[in-house]
Amino acid sequence: MSMRLPKQNGEWINRSKPVKFTFEGANFEGYEGDTISSALWAGNERILGRSFKYHRPRGVLSLANHDVNVMVTDTVDTNMRGDVVAVKAGMKLTAVNTEGGVRNDRSRYIDKMAKLLPVGFYYKAFHTPKSMFPFWENIIRKAAGLGVVNFEYPRILKRKTHRHCDLLIVGAGPTGLTAAIVAAKNGLEVVIVDENAQAGGSLTYDRAGSPEPLSQLQELMAEVARHSNITLMTGSYAAGYYTDHLVPIVRPDGIVKVRARAVIVASGVFEQPPVFRNNDLPGVMLGSAAQRLIYRYAVKPFNNGVVVTANAHGYRVALDLLQAGCKVSAVIDLRANGESGPLAAEVARKGVAVRKGSCIYEVLPQAGNMGVRGVQVCNYDEERAEADASSIETIECDGVAMCAGWAPAAALLYQAGTAMRYDNEVHQFVPNRLPEGVFAAGKVNGVYKLEDRMHDGARAVAEAMRHLGMDAPAVTVAAHAGAAPSHPYPVVPHPNAKNFVDFDEDLQVKDFINAAKEGFDNIELMKRFTTVGMGPSQGKHSNMNAIRILARIRGVAPEKIGTTTARPFFHPTPIGHLGGRSFHPHRVTAMHSWHKAAGAVLSEGGVWVRPAYYAKPGMSAQDIVQDEAMSVRTSAGMIDASTLGKIEICGPDASHFLERFYTGSYGSQKVGEIRFALLLDEAGVVVDDGVAARIADDKFYVSTNTANAAPVYREMQRWLQKWKLNVWLINVTGAYAAMNLAGPNACKILSKLTSDDISEKAFPASHFMEAKVAGVTARILRVNFVAEQAYEIHVPAPQARAVWEAIMEAGAQEGLRPFGTDAQRLLRLEMGNHLVSHDTDGLTNPFEIGAEWALRMGKPFFVGQRSLKIIAKRSVTKRLVPYMLDEGYSGEMPQECNLVINASGEIKGRVTSIAFSRSVGRVIGFAYVDPADVAPGSRFQIRADSGAMVNATVVKTPFIKSSNEGDQA
Amino acid sequence: MTTAPQQTPVASAQQRLSPKMTVAHGMEIPLEFSSAEIEHKRKVNLGVCDVSCFPRFGVKGRNVVQWLQENKVDIPEPNSWVQQGESLVLRLGNGEFLVEDQFEGKLCAALDEAVMPEAYGVYKIRRNDAALMLSGSHVQELFSEICAIDLRDGALLPGKLVMTQMAGISATVLRQKFNGEDVFRIWCDGTYGSYLWDTLLEIAEESGGGAVGLSCYYKEML
Amino acid sequence: MKLLKCPVNGERPLSEFVFGGEVREMPDPNTCSDQEWAAYVHYRNGAPGMKKEWWYHGPSGTWFIAERDTMLDEVARTYLYGQEEKQ
Amino acid sequence: MPLRLLKYALSREHPAPRFFRACEKPKDSYDVVIIGGGGHGLAAAYYLAKDHGITNVAVLERGYIGGGNTGRNTTIVRSNYLTPEGVNFYNASVKLFEDLSQDLNLNLFYSTRGHFTLAHTESAMRTMRWRAEVNKHVGVESYVVGPDEISKACPQLDISCSGQAPILGALYHAPGSVARHDAVAWGYARGADQRGVEIYQNTEVTGIDVQGGKVRGVHTSRGYIATNKVLSAVAGFTPRVCKMVDVQTPIVIQPLQACVSEPMKPWLDTILVSGSLHVYVSQSSRGELVMGSSLDPYEVHSTRSSLDFVEGLTSHILDMFPFLSNVKIVRQWAGMADITPDFAPIMGKTPVDGFYLDAGWGTWGFKATPISGKSMAETIAKDKAPELIHSFRLSRFEEYELTGEKGAASVGH
């Protein structure tokens, strides 16, 4: 039997577009515009899902994105929320978290064992004997969780965009729409969002059987359409509030990050379920859910229902049910005095029996809890929250609409830092102190009457305008009059429980009482112990009742209990939306396409992508690296060194600046000379090294390690401000490309391309010159980092590739080949040069790496100097030494970071660099060792991965035979 | 001796598109990526054009304003720009300037040759900008995805420039009138050029835009 | 994301900035004791309050000072180093 | 079903007593006052009573117990640190954790799942080996594994990380575990309470009375309490408490954020951490993915959430697990972390006699809860810090003897 109603004015479904789909193997037909739940309900399917803990059948509860017991999978996607996800043709749906289907779920036995599973039961058992815990844990893990993740699900790219506006309005109900219109008339640029597929809020469903709300909505929408400065986004929810009015709006196709100058939260309220036995059966739903079914989807909630209420809304719902052709067997009003006024009169006129001072004692289930067969109604003592079981009367029905009150949808307000207070006039938390630029209006602000809500929207706009520095008249809104829209304690005790407070987590009233008994009588502790509000609906229908129950247990006002913290997100938000299109910035050098064409295998160094080595068919990476290095030793090789940081220090105080910044001496440096530049932090830790070339009296050209260009430049800028020197810093890291031509034939090759004399004699090591290379003005630095004969050629980036190619061509005869960073690491090792952050770590001081020679301790000041004076008084605990393994060593090759272990088995240091050098014919490296073992010839032991001890001998650097000088000191 | 033209910083990213190249201001630069018709369509939606070939001159220092004035350069307010003849003069923050000659501009060459007396304490800044030109109906959509700040007309005012982050890297942006239409100019460090180019194209292509060559904007000049 | 106002470039999202720590007076390295120096290097004024901090606007390379309440994460004012009085 | 649960089904009245008494009015004096009712403070109280027979102890908690970082962390327990001192210390904690459910007679869901620290770069691989070698040296089961072994333990992981940061290997740490963090605090609270310790919630310390360099008492929102020994165990609030006694520390406060997905059936059996991607993730017994990232980049004394964090984290999670595109994040939150310059805690005595510090726990405090409690209890009882925590002393900064944990600057959760 179909529950579909004839056309309802304003309905959201498109009857010309039927949609066929299956649920749990059965065929269903809905319409475009239906949600999964509404289409199923229209097809008279009531068992839409099973609850998380007890596996009880569940149906429609809110139809407002917190029916988390109705989660389905279409085999591709999982945990799809039936109450809000649109139904699509061809969907093959099943409920998640069942064993054997939603009707015959084998896990339903758990419901019968509920008594064995008291609140927090998992803390109380399963841990003894200890050996059994993994067994129980496995069972518990499998029982937990909802849907099964589809590992084949594609990574979906969602756009994330920014949007700026004067005013963001969250919620496009009558309050929000009115606010938008008023703001737009005042010239503000407005973005208004609503999570529902269509705007209108309560006007779309809460009608009390009258056509009036729909025409009011149509008027508002027509007015909105007239303003080009209003952007209305429906099907879009505000997921959270972040500092300085940043609100991400989640839409089906992505996220819009709205940065507003002011925000009005007109997000309304969530209807709250009264608590009574079996209030979770399929067919028992919130009054607003019944209204949504009727007016949005033209679906009859049930045929013969009762309304249990504690406010005027229940009477409106009764009228809507009647309008839809439902029989309403009774309106059961918790309040002793019931409702008076026109609504009550209208309900009475329509012949509906009203029972004041009554409650539903329990809902009578159909077999297997599959639905409702009736309700037991009895007298209710509102003050004491007691049901008089002696007065029970049974009413037959197949559905219940619940209308006991509301909780504010105040998550964004909380996140913005709003202090809320409990208002006894409306029995609801309302904003007390709002943060700057954030305003609340409508029901979330405790304003219920329709005209008042619209006024309240206008009032909020006026306040927002004043916040924005505009003039706006004060708008006053009438205080709430009459009965409270929410009942202070809509809870009916029952000895057999199953009176649910939290439908996500299957929590009953007694769970709260027992948690309090165990000492968890503070709302946050109670939340954690019972897990109330921690399910996917995040307490939207449970937190308020939990607060009311705890307040009652402790005998205090709800305000004293406070609320739990509302964290983002307002609704669970997909990872794909949040991750979106991600950006992975990286830098490439001017020679990048040359490298790729030459077969370079690229690696990342900081933000740079650069060649590790150049692949050769049929050769292992290891062999290639040895070959590349060998060519530097025997003839010549060239590496793209563009990734080095390059900074120009200009101005009359340039040398003075360097003297303070680096450890060395630069005042006496002659133009054309290069000096080592060692940088420490204030604690005396080595953070960078490079060279400083004096290219003019008032100009130095300084290099830094690849990864440090930006931070070193930044620190230079900062120190410069403090020191107030006449210095100008220019970061030319990207403007200059660099290539290091190295090897015995380097001079010969380079000479072919320059008319300047670059011979060893005319242009010795540690010198700088400007010369034309292949017709391009180049800065050439003699830096012996990878080889004795090496020319670091810096040229403007746009010309670099041409220069690189010219050199490669010029060197073809000599067998010049490019090398990558892997060979460079080996080459510098052979030269005895350590690498900062490879051979040092975050605590290394210069004494530990034998860099005393680079310190000019006699200078008046340099960064880190004062700390070094303190450190110098202490004994060094480890020192970096160059070492070799024994000749012909063929055992297990130690790895970098293997430990240096002394005879008594203590850790004395570690290997920081190790490699076989074909040039030296030995395995060489750097290691930290006991300071007692640093003399050349000292022996120490390295423990390899397998535990094997490998002998090593301390040696002098450079490892390779030098033609002229000794080590770098 | 090489006579090879200079290379645009975006070259490695453009390679896969096999553009028809030309040499402008000594730099090899894409002239056309596709037919004029297709490029025009792209440009209407969202055209991305590499104009790195324009000559540029950067300078900073103690008396930079005085020096520029003496060399007959109009001085804009901080974070603003002025068009001087066929050249743009950008003032990046307070004390740094970037001059860019458009097709016919000669200012950079003149400044390059101008004397920089030591006493002035002004220093030339070697630059390697990836310089792009964007226009079309979807530009703001693109900006909204790669930039957190408002670059719409009401926020990025004529004559103003903005140094901000785009797709995670530092960039300078301004809006200029060009042949009667609004175009946006973006400058970033050349070593990020290929990355930015690829990122912009990926997004532009989703809205019917794409790479356009120099001829799309500068037909008459070429 | 929080907004921060660079005195040169105006209000920008925090992602454009690098935090440079609290502004701290360096003791005279020539006259201070080892202990005073070690305290300067290692110890921080970690309690919440209104603090003067270094911030760096990356795209423009601008260091400036922000006076920020570290409890509320609210910035009272920003200015270039040494130009406190001009603001 | 275990028989233990039967009594709940059989009795009319809920048969469980309070975990801890509701204390309202503190006594005039205590032997020891502990500031901070998180895991650390409660554990210290528990071991003071249990190991040293000191039961005249008050624990003062500003909010509710376990409400600070104890309830905000991502519950990972491990000992695969870099320095021998670090490994030994955390290993002692792991050992205590392993028997803690039985010791406290509360199921803490201590679940040993194995822990992989993924390396995406050569330098990260080096650090993994370094840690593995030190761990092995001290007898902790950690070793470097290749991509194949990672895939075997977590076949769903995209080893190429969507091509953005291919995984080269990992440090595997067999004892890596997760536990129910709240329960740890509750268990210690119950154990301490049963032994006579008094726990005061909603009780703020407003000042510490120091005379002649010695602690004399504390001023609280419930009045003055005389005592000669005060332990500060207040992650996120250490600088404020230290200011009360004029003790300088290097600690700055930075928020650390985390988030949790909706529940799904179990598929992620191990704990994964990636320093390069700033991600750590495990799946809880409820079926939720619990995820965290690196610290927020500047000092803030509040627990506000940021969108940047969750955007960055999810983007990296997708690099690792592309199929999670439509799995939803339910909730994000933040804690305030005490950050030290060498990524190690500060424990032990201070220049003020009777003022003990258990601080600087950064992002790694939960895993140390049992051993820090035990060590601080001993320090207080004997007025001398045990050797195990010697390298974490406050004076190390003035002595330029920072711990070596700074050597491996990677995410340390």
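So that you can tell them apart, the chains are marked A, B, C and D in the order they are listed, and the count of residues begins at 1 in each.
What we mean here is this: contacts are C-beta pairs under 8 Å (C-beta built on N, C-alpha and C of every residue); 3 or more make two chains touch, one makes a residue touch a chain.
For clarity, every value in this text was computed on a predicted model and none was experimentally measured.
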Relative to chain D, chain with the most remote C-alpha centre: B
Gap in Å, rounded to a whole number, between the CA centres of chain C and chain A: 27
Rounded Å distance, chain A centre to chain B centre (Cα mean): 34
CA centroid of chain B to CA centroid of chain D, Å: 51
Residues of chain D touching at least two other chains: 304, 306-307, 341, 400
Residues within chain A bordering two or more other chains: 160, 242-243, 246, 257, 584, 683, 867, 870
Residues within chain B bordering two or more other chains: 148-149
Those chain pairs that satisfy the touch definition: A-B, A-C, A-D, B-C, C-D
In the complex, chain C residues that touch chain B: 1, 8-9, 12-13, 15-16, 57-62
Chain A - residues contacting chain C, complex: 242-244, 246, 682-683, 713-714, 717-718, 721-722, 724, 731, 861, 865-867, 869-870, 873
Chain A residues touching chain B - in the complex, by the definition given at the top: 159-164, 257, 259, 581, 583-590, 592-593, 596, 608, 642, 648, 650-652, 698-699, 726, 728, 730, 732-736, 753, 774-776, 796-803, 805-806
Of all residues in chain C, those that touch chain A in their complex: 1-3, 18, 20, 29, 32, 34, 37-38, 40-42, 54, 56, 61, 63, 73, 81-82
Contact footprint of chain C on chain D as seen in their complex: 238-240, 242-243, 248-253, 297-302, 304, 306-308, 338, 341, 397-400
